[in-house]
Structure formats: structure tokens, C-alpha cells
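One chain, chain A, links the two complexes that follow: it is found with chain B in the first and with chain C in the second.
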Partner chain A sequence: LSRIGDELYLEPTESGLSLRAVNSSRSGFASFLFAPLFFQLYEPGSAGPETELFRCKVHMKSFLGIFRSLPSLEKSVGKCLILLKPRASRLVLQLHCKYGVTKTHNLAFQECERLQAVFDTQSCASHLCAPARVLAEAVVHFPPTLAEVTLGTGPGGKISLRNYVEDEAEPSKTMVTELWLAEDEFQSVAVAPGSHITFCLKEFRGLLSFAEASNLPLTIHFDEPGRPVIFTLDDTVLEVHLVLATLSDLESDSQSPSTNGVSHLPAPSDDFADDLESFMADMETSEGGSERPSSPTFPLRTPRTAESKPEEEQEEEEEEGAVPGTPPHKKFRSLFFGSVMTPGRPGPATTQEVLAEDSEGES
Partner chain B sequence: MPFSAQPPASGERYALSASLDNARHLSSLLRAVHFQDYATCLATASGLRVTVEDAKCIQANAFIQAEIFQEFSVQEESVMFRISLSVLLDCLTIFGTSSLPGTSTALRMCYHGYGHPLMLFLEEGGVVTVCKINTQEPDELLDFDFCSTKVVNKIILQSEGLREAFAELDMTSEVLQITMSPDKPYFRLSTFGNAGSAHLDYPRDSDLMEAFYCNQTQTNRYKISLLKPSTKALALSCKVSIRTDAQGFLSLQYMIRNEDGQICFVEYYCCPDENITEAEL
Partner chain C sequence: MRFRAKIVDVACLNHFSRIINTIAKLAKTCILRLTVCKLYFILSDKVANGGASMWCELSQGNFFDEFQMEGVAAEHNEIYLEFVPENLSRALKTAQSAKAVKIKLTNKHCPCLRVAVELPSLSSSSRIVTHDIPVGVIPRRMWNDFKEPRVPDFDVSIYLPVLKTMKSVVERMKNLSNFIVIEANLSGEMNLKIETDLVSVTTHFKDLGNPPWASEDGCQSSAQGRDLESMAEACIDIKKLQQLLAGQQVNPTKALCNIVRKRIVHFILLHEEVSLQYFIPAIA
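== the complex of A and B ==
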């Protein structure tokens, strides 16, 4: 979670303790849900009819500092007690160690709104499931500094991983690494042929290390470029989700500069839900082996985005629609890397797709 | 042991002369008090005491008894001088700090008296190095007036239990608060840093607790930056005794066993932080 954001959100729920993080540009969200069975004792407190269960956020570094040295923790700590004390404004973490020694940490927390990304694995066109080891071994071929990677489906059911190179980069100075994984390396493959997505590798690596360490298979749900990619890990007592924005397709030139580069999952509002369904229906029927979402889909999108983004950019959007094949790459990059979201603004009015709403959205 | 270089002529009288087969017996102890450049050395018939002070609130002493040395003679009642501890340590470890099994640096130390430099003859594997370190007028040392009769609370712990705690102290906290009490929490170390507060509790019946004599509940705060260097002494030691007196002065005594199984002591004395008059639990 620390690979995603600087703040750790703690949300006790009836179904377990949820730990979440979101990155500064709101293009990455992760949540770990520990079921009550994971704990020796789990008391989420009581929520009244008016009040909700208390939740808070703490500085990631402060929290991690308590669990600094894993080897010594394993040797000396017997159990850990976590108490949330709203009245004292403290999150208490108590480690019961060898020799009867008790370490008590009282962390200051901030109250916060519910952090919830809007995503739906069911609505994704493609799903892949592989042991974490397979993906870890694949990813090791890419340099640690590589920012983005493209995952694609190829002929014969093969899956490819390729480092994403910006078009501006000089072809003679860039190194492209591409590797292909056979279908049988995966536990399950249900992908739309010819689909591909580009996402941030750095944020994915964090989850991958966790998956490898816990020996859990990793499932990847994705759709078309621009739609978020969802990575999930499932266990009897743990549910993990990592949602990352993906780069919109290069040919999606009808986008306004400010909407490029970030997944276009619409905000949860009634109009869009219907549009989304019809949109998805269109996508699925029109797929039939086309490499990329072709232009016919854009007219479908443009009106919607025009609706939802009533800003200056609208005119630019239409202009660019008239010039296919000249994608505004720079704008991809600037958005992807951190236009800062002002929290609390409702989705549709924003220029950037918000994965993680501050208000109480549902998943 | 073997010295091919001429040792000082037997006719000369040195104020202090000492021989040590393994210089590490001295250097490792001196490192445990090396938080300032300069130290004051006091040599008496019972041995060598090296004192380091800071801010007029903290004093550390390393004691190397005469019995540790192969030869130790002091001409007058006592000999005292101020010397650069950094330079002394550099010389003692001039053949390197990594210790191969079986090899050791032999040391011969000579001091003519007031105004003369301290002479060190170091030998390892047939190679001899001669060092002359200038000495200075000794400063007046703090007297914490800490004697066993004034002790209010005392505990003796196995160092193993404290090592990790001290190494991981939250240095964003300005103070280290020590609570000693006949009732819960018995012995507690607390820090108040940027992330929040942290408390480390040791119960009186813990296996780590070798002795527990607490008569009164006392909570005192000490500047963490002053106490942090004591971590080195803690790392070397097998046991530590923690004592406080009525004014809140802290005495930490570390029992250190050297490579040959001989026992030496290092102690730290610290004044409570003056900014806090009423300490909170």
C-alpha cells in the first residue's frame, strides 16, 4: 500500500478491516480487506442508525515505522492489538513481545471520508489469472525504473508484456523489451482478442511482491485502453484489489487534453450507468478481432464526454476529433503523472476521471 | 607480546606505563563512550578511567581495571590528562578494525608526565607503529554525586531486551522518558515523536529482569540526543543497571565481557531535562 500512497486509510466494516490507499493523482487505488477470521479477535464497534463505523487515516510512514524490522518482529512479537480510540484521537497499536515486553504506539490520525474507487470486475471484457510467480518472473525483465508497461493479447492466446515507450522518444535511443507468455502459463484466460492496456508498472510491482510472498494467484481484469485495470488477490481471509488507470488508446483523438491518459470509467450517476451498459454492449458486439477500439466508438463517447465535461476543452475536443491519427501524447503523460485532484469534487465535473471518490460511492 | 622495537629504557620512570596483549580490549570499550572528540584519562593503581562529557548534562566513563593489562604501573597517586579520543582510537585501530581470528594488536602505552605526549607502540604481525599523541590540561569533571545510598529506584536488566529498543528509539522525539515504579507499568521507556507517542513496558516478572528494586514511582525525562550514544555501550554489554536518585539523575551501568571473558564497566550519568518539572505518565 505504501507504493501507492502516503496515507493509510483504515476502515473497519462488518465484513472485516479494510486498509486502503490512493495515489496523489487519483489514478491508483488499492484496498486490502482482512476478514474477521484473519484476526484472533475482531470488534468493529457498533454503528448506530445515524452513525457509521468510525474510520480514519494515518501517515503511511508512521504506521510502517512500527513494523520496521520484519525479521525481528517475527522473532520477538507474539501478538498485535489494534485499537481505534476516537475520543482520544489515537490509533493504538500494541505489540506483545517476548519476555513480557509490551510496545505501545499511539498514532495520531485524521478523520476522513470513505475512500472507495469505482470499479466493477464483472464489466471487464478480459480476465487473466496466473500464479504470482509467473508474472513476477516476467516483470523482472523490465528495468526497475520503467514507469509503464503494456499488457496485450496476441495470436494463439498468447499474452504479451512490453515496455511502454512514448512516441516522442527517439527510436534509435530506446530499447524495447517484449515478452510473450503462453496461455498454459495462466490458470485461466478469458480475453478479448487483440486487446491491450498500458498501466503503471511501479504501482503494480508492490502488489506483485505481496502476491508472491503470500503465494496467491493474481487475477487481472481489464477492458479497453482508458478503462481501469483491476488486479485482485483472493484468499479465504483476505481480499485485495488494486485499481490502476490505463492509458487511453493513442487513436482516441477525440479526447480533450484534460481527459487523456486516464481511465474513462464514468462517475456513478444514473445517466452514465445506462450509457455505460449500452456502450459495453456495443463494444462487445463490435469487437470481433479488431485490434483496437476503432473510431466508430468515439462518436458514442464524445457526446457523453461533452455532456459530462462542460468546459472550454469541449471545443478542442471536437477539433481533435476531426484530425484522426494525431494523438496528443504530451497530454497523456501530464495527466497520467499527476494532475492533482481536488478531493471532494463530484466525478462528472472534473477534468480527470476519478477512481476514488471522496464521497460515499458504491463499488 | 614480541616487541622488536626497543621499548623505553628501564632506567626511565614513566608516570604511566602499561602493556596490553590485545588492544581491542581497550579500543572497544573506548568506542562505547566516544560521543565527543575529547576525553579525560585518569590512571590510578586500580586502572584506567576514560571520561567523556557533553553539554554539562551527560558523562560517560569507561573503566579498564589494572588486571586487564599485562603490565600496568602508575608512579604517582594518579595521573590525569586530556586527550583526543578520536585520535587515540584511530591509533589503537591503526592495523584495521576487522579482527581475523588469532590475530591481535599488541599495545604498549607510555606517558612521561605533565606536558608530555602519550606514546603508543602498536604491533601486529611483526609490524610496529609508534604514535605520539599530544596531551592537554584536564578539565574539571562533573560530579554527579551519585552514590548507592541515594538511589531511589534500581533495576538490572539483561541487555538483550533493551538493545533493539534503544536502536529503534524514535529520534523525532526530543526526550526519552523513563518511568520506574513498584506498580504498573514497573519500567517504561517512552518517546513523543512526530508520529505519536510510543511506550515500551517491561514487567517486573519478565525473564529479562535480573533485579527489581523500585520503592517509589518516578518519571523523568532526558534529552534523547544525549542518551542515544549509550546504545553503543548497550550493544557491547550483557547486563545493564538503571538507577535514579531523588533528583531524577540517571545512572546507567553496563557490564561488558571482553573477548577473554574479563569483565569491564562503562557507565553513563545523565541529568533530567530541566524544561520539564512535572513529568506526566
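== the complex of A and C ==
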């Protein structure tokens, strides 16, 4: 969660304790729902007819600081008690350690609005499920600093991962890495042919290492470029969702994938177009050295008026299971990822919609 | 112009990767020269490199199971490519468990070296990772810029001390000064010196031995005519020396340097299958 945002949202619900985070540009949201059975004791408190279950947010760093060294925690801590004291304005974390030592941490919290991204895995056209290990092994081929990656489908049912090269970067200077996975490496594959999405790899890596450590299969739900991609992990006592905005494919938004040549990621074959003879001839004769070759076709992401359908967004249902009985106070809308560089600036309503509104401090 | 090569043997792949890692530490961009029998990694002594230059040569047969090259023309059966070795280093980094690595020169959108790594997987088909490394094709008229540098008319030639030791000495000295003086004589003695306003440090090595060079009709004067004790020294950029030493992942079979006093230091590192020459000019 700390890979996503700087604040940790704690929401006790009837179905368990939900820990959530959102990133500053509102393009990434994650939630971990721990079922009551996960805990030795779970008391979410009581919600009256006019009050909701109390929820708050704390500084991520303060919270993480308490659990700093996992190996030593495992050795010395017997129990951990988390207590929310609204009237004292404190979130209390008490570590009951060996030899009768008790460490009590009092964290200041802020009250907050419900943080809920609007998404629906059911309405996604494509779903992939793979053991975390397979995805981790795939991602290792990309440099740790790589910002975005494109996941796509190719002929023969193969799934590809490719580093996303921004338009500003010179294509003739940037190395392109592409990995192909066969369908049978996945536990399940149900994808729309020719589909592809581009999302932030850094935020995904965080979830991936969690999945690897817990040995859980990871499911990826995605749809058209621009619609969020949802990663889920499921366990008997834990439900994890990571929702990331994807790069909008503005040019092809209204076209079907088959007419947009970009969607067809070529399968790896040995017959690459070898046009070096004529290239060399060009080079020898041209004056200033080599001419700039045409850049590889890739979706443009100039934020023009998006061909988005805002009314569709508002009809989207909220994810079942992630929404307890209490309806949100605000209508959350999903995000269109206009630009990597732009922090969440308020663009025209049709192009940049906010995943989660800023909390206003009053409930 | 075509180039295709394949490595299947794991040991060859590891060895080749280590060489590329070394090259990547020495040069941000360099030239890859391909001939029928050999590969060369060349860095020419332009000002941008701080005047340092490099010549690394290896026999393709020692690494590749398949190697096909067709140069720009029949009489000039060679290919010169400019590329960023760090890209190749990265591509090979995660290929260590590969079943095969193929390298091919392609020109889909722009000239690239396509490195295709076939990785084992639990599924029926292997995983394939391709890395398209952009390259610049060097036209024939510029090939003369990248000729093998001549061994300079040196004053002293001496075997280097154990590289690991030399590296740790130089690394510590790097914290104190930007320049280092290398001096050596024909009696197998070498000193590494740094001097600043506050401190001067000298490390002495002895019994290193001086390699015998065949005298070429008198231009390398024979040892008898020279004072065996007199030191030839050159002051060089310490960072360049440190990069050279840090990049050595395997102990060379032979490591020596030739010093032209106050002009240049020429390092020669020989392994069984690859030779590396690195020239660091002296600071005036």
C-alpha cells in the first residue's frame, strides 16, 4: 500500500477491516480487505442509525515505522492490538512482545471520507489469471526504473508484455523489450483478441511482490485502453484489489480494435523485415548522415477531447463485496489517464475524472 | 548486410555477458565491429570520452554456436555499428538461464540489434523475450576513424599487481583526489601516488616483472641502454582507472601497462578468449 500512497485509510466494516490507499494523481487505488476470521478478535464497533462505522486515515510512514523489521517482529511479537479511539483522536497499536514487554504506539489520525474507487471486474472484457511467480518472472526482464508497461494479446493466444516508450522519447534511441507468454502459463485466459492496455509498472510491482510472498494467483481484469485495469488476489480471509488507470488510446477509442493496426502486436517470428541494404544505400548517399526513420506506430496520447462516455461511467455499479451496506456520500467516478506527467490537475470534466474525491474533513 | 548469431552454451553466455558488462562500465556508447572471425568493441579517443580509448577484441568462435555475417560489400566484409553497451548488458542480464540467445541485425523501424532470449518455462512452449537495441550503422567512409590503435612508444612496460588489490587501493584513493600518478620502472617496481593540499598517499608495489617486448629495429631501445631504476610517470584521471579496474569481473591471464611518461598509459588485459586495451591520456 505504501507503494501507492502516503496515507493509509483504515475502514472497519462488517465484513472485515479494509486498508486502502490512493496515489496523488488519483490514478491508482488499492484495497486490502481482511475478513473477521483473519483476526483473533474483530470488533468493528457499532454503527447507529445516523452514524457510520468510524474510519480514518493515518500517515503511511508512521504506520509502517511500527512494523519496521519483519524478521525481528516475527521473533519477538506475540500479539498485535489495533484500537481506534475516536474520542481520544488516537489510533493505538499495541505490540505484545516476549518477556512481558508491551510497545504501545499512538498514532494521530484524520477523519476522512470513504475512499472507494468505482470499478467493476464483471464489466471487463478480458480476464487473465496466473500464478504470481509467472508474472514476477516476466516482469524481471524490465528495468526497475521502467514507468509503464503494455500488456497485450497476440496471435496464437500469446500474451505479451512490452515496455511503453513515450512519444517524447526518440524511438530510435530507446531499447524496446518484449516478452511473450504462452496461454498455458496462465491458469485462465479469457481475453478479447487484439486488446492491449498500458499501465504503471511501479505500482503493479508492489502488488506482485505481495502476491509472490503469499503465493496467491493474481487475476487481471481489463477492458479498453483508458478503462482502469483491476488486479485481484483472493484468499479465504483476504481480498485484494489494485485499480490502475490505463493509458487512453484516444485515436482508436471509437474504432474497433481490428481496424487499428497498433492493437495487433506481432507474434515473435524469425522473419523480421530486413531492409538493411536499401537503408545502407540511403545512408551512403544522403548528406547529413542517416535520416530519421519513421517511429514505430504506437497509440498517441495527446490529451485531446477524449471520446469517453461519461454517462457510461456513472452507470457503473460499484464492486460487490467491496461495498458494505453504507452507500458512499459522494459519487465517485473512474479515471481517464490523460498524461503520465501531469499530476491530478482538474482537466475538462470529460477528459479527466477523478477516481476518489479529496476528503473534505467533515463527514 | 546481415548478421545473425546464436549462443546456446550457458558458460559461453555467462562469459560473453561478463565481457559486455566490462565494456558497459568503460563506455557509454561504443562501436561494435563485426568481421567473419571476430568481434571488436571500440571506443575512439574523442574529447567526449575524456580522451580515453578502448580496443577489445574476441574470436566469435569461442562464444557463438552460430555466426553468420555479411558485410556492407564483398571487398569490405565487415559491419560497424554504434550502440549503447549498457542496453546489451541489460538484455543479457536476465538471460543467464536461457536455452538459447539469438542476436540479429534488423531494420524494422530503425536499425536494431534484436536479442531474442529463449527461456525455459513450465508450459509447452518456451518463453521468448526480445530486446530491440537501437544501433547506428557507421558508413564505410568513417571506418578509418576506428582503426586499431598502435602500441605507443613506451618508456616502461610492466605487469600490473593483482587487480583486486590495485582496485581497492585506487578506490580508496579516489575519495581523496581526482588524479592519480602511475609510475613504474624496468625493475618491476610501480607506485600509485596521489597528492592534495592536505595529504599525499603512495602505495608501492615491487617484484611485478617487466614483460619482454621484441625490439623492432631499435625503436624500443633495449633494456641495457636504460636506467633500470628510473621511473616513468603519468598523471591520469583516477575515475577512468577505477572504472577499468572495477569492470574486471574475472582475473585476466595477463595484465600489463605501458607508460609513456607524461603522455599516456596503455593498459593491456588478456584473457584466454578476449583481449582488452585501454588508453588513458595523461593530464597535462
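To be clear about the criterion, the second predicted complex is superposed on the first by the 255 of 363 C-alpha atoms of A that agree within 3 Å, B and C clash if a C-alpha of one lies under 4 Å from a C-alpha of the other, contacts with A are read in each partner's own complex, and residues count from 1 in each chain.
The rule is short, and it goes like this: a residue touches a chain if its C-beta (ideal position, glycine included) is under 8 Å from a C-beta of that chain, and two chains touch if they have at least 3 such contacts.
Computed from a predicted structure; not experimentally measured.
Engineer: In the overlay, answer first, second, both or neither for which of chain B and chain C A:180 touches.
Structural biologist: It touches chain C, and chain B stays clear.
Engineer: Which holds for A:172: it touches chain B only (first), chain C only (second), both, or neither?
Structural biologist: It touches chain C, and chain B stays clear.
Engineer: On the A-aligned overlay, A:101 touches which partner chain: chain B = first, chain C = second, or both, or neither?
Structural biologist: After superposition on chain A, A:101 lies in contact with chain B alone.
Engineer: Between chain B and chain C, whom does A:141 touch in the aligned arrangement: first, second, both, or neither?
Structural biologist: The answer is second: A:141 touches chain C but not chain B.
Engineer: Check whether chain B or chain C contacts more residues of chain A in the superposed model.
Structural biologist: Ranking chain B and chain C by residues of chain A touched puts C first.
Engineer: Can you list the chain A residues touching chain C in their complex?
Structural biologist: Counting only chain A, the residues touching chain C are 137-138, 140-141, 143, 171-182, 184-185, 268, 272-277, 279-280, 283-284, 289-290, 293-296.
Engineer: Show which residues of chain B lie in contact with chain A when the two form their complex.
Structural biologist: 161, 164, 168, 170, 194-203, 205-208
Engineer: Per the contact definition, I'd like the list of chain A residues that touch chain B in the complex.
Structural biologist: Chain A residues touching chain B: 59, 61-62, 65, 68-69, 72, 76, 90, 99-108.
Engineer: Tell me, which parts of chain C touch chain A in their complex?
Structural biologist: Contacts found on chain C: 1-2, 72, 84, 87, 90-91, 94, 104-111, 114, 116, 121-125, 127-134, 136-137, 139-141.
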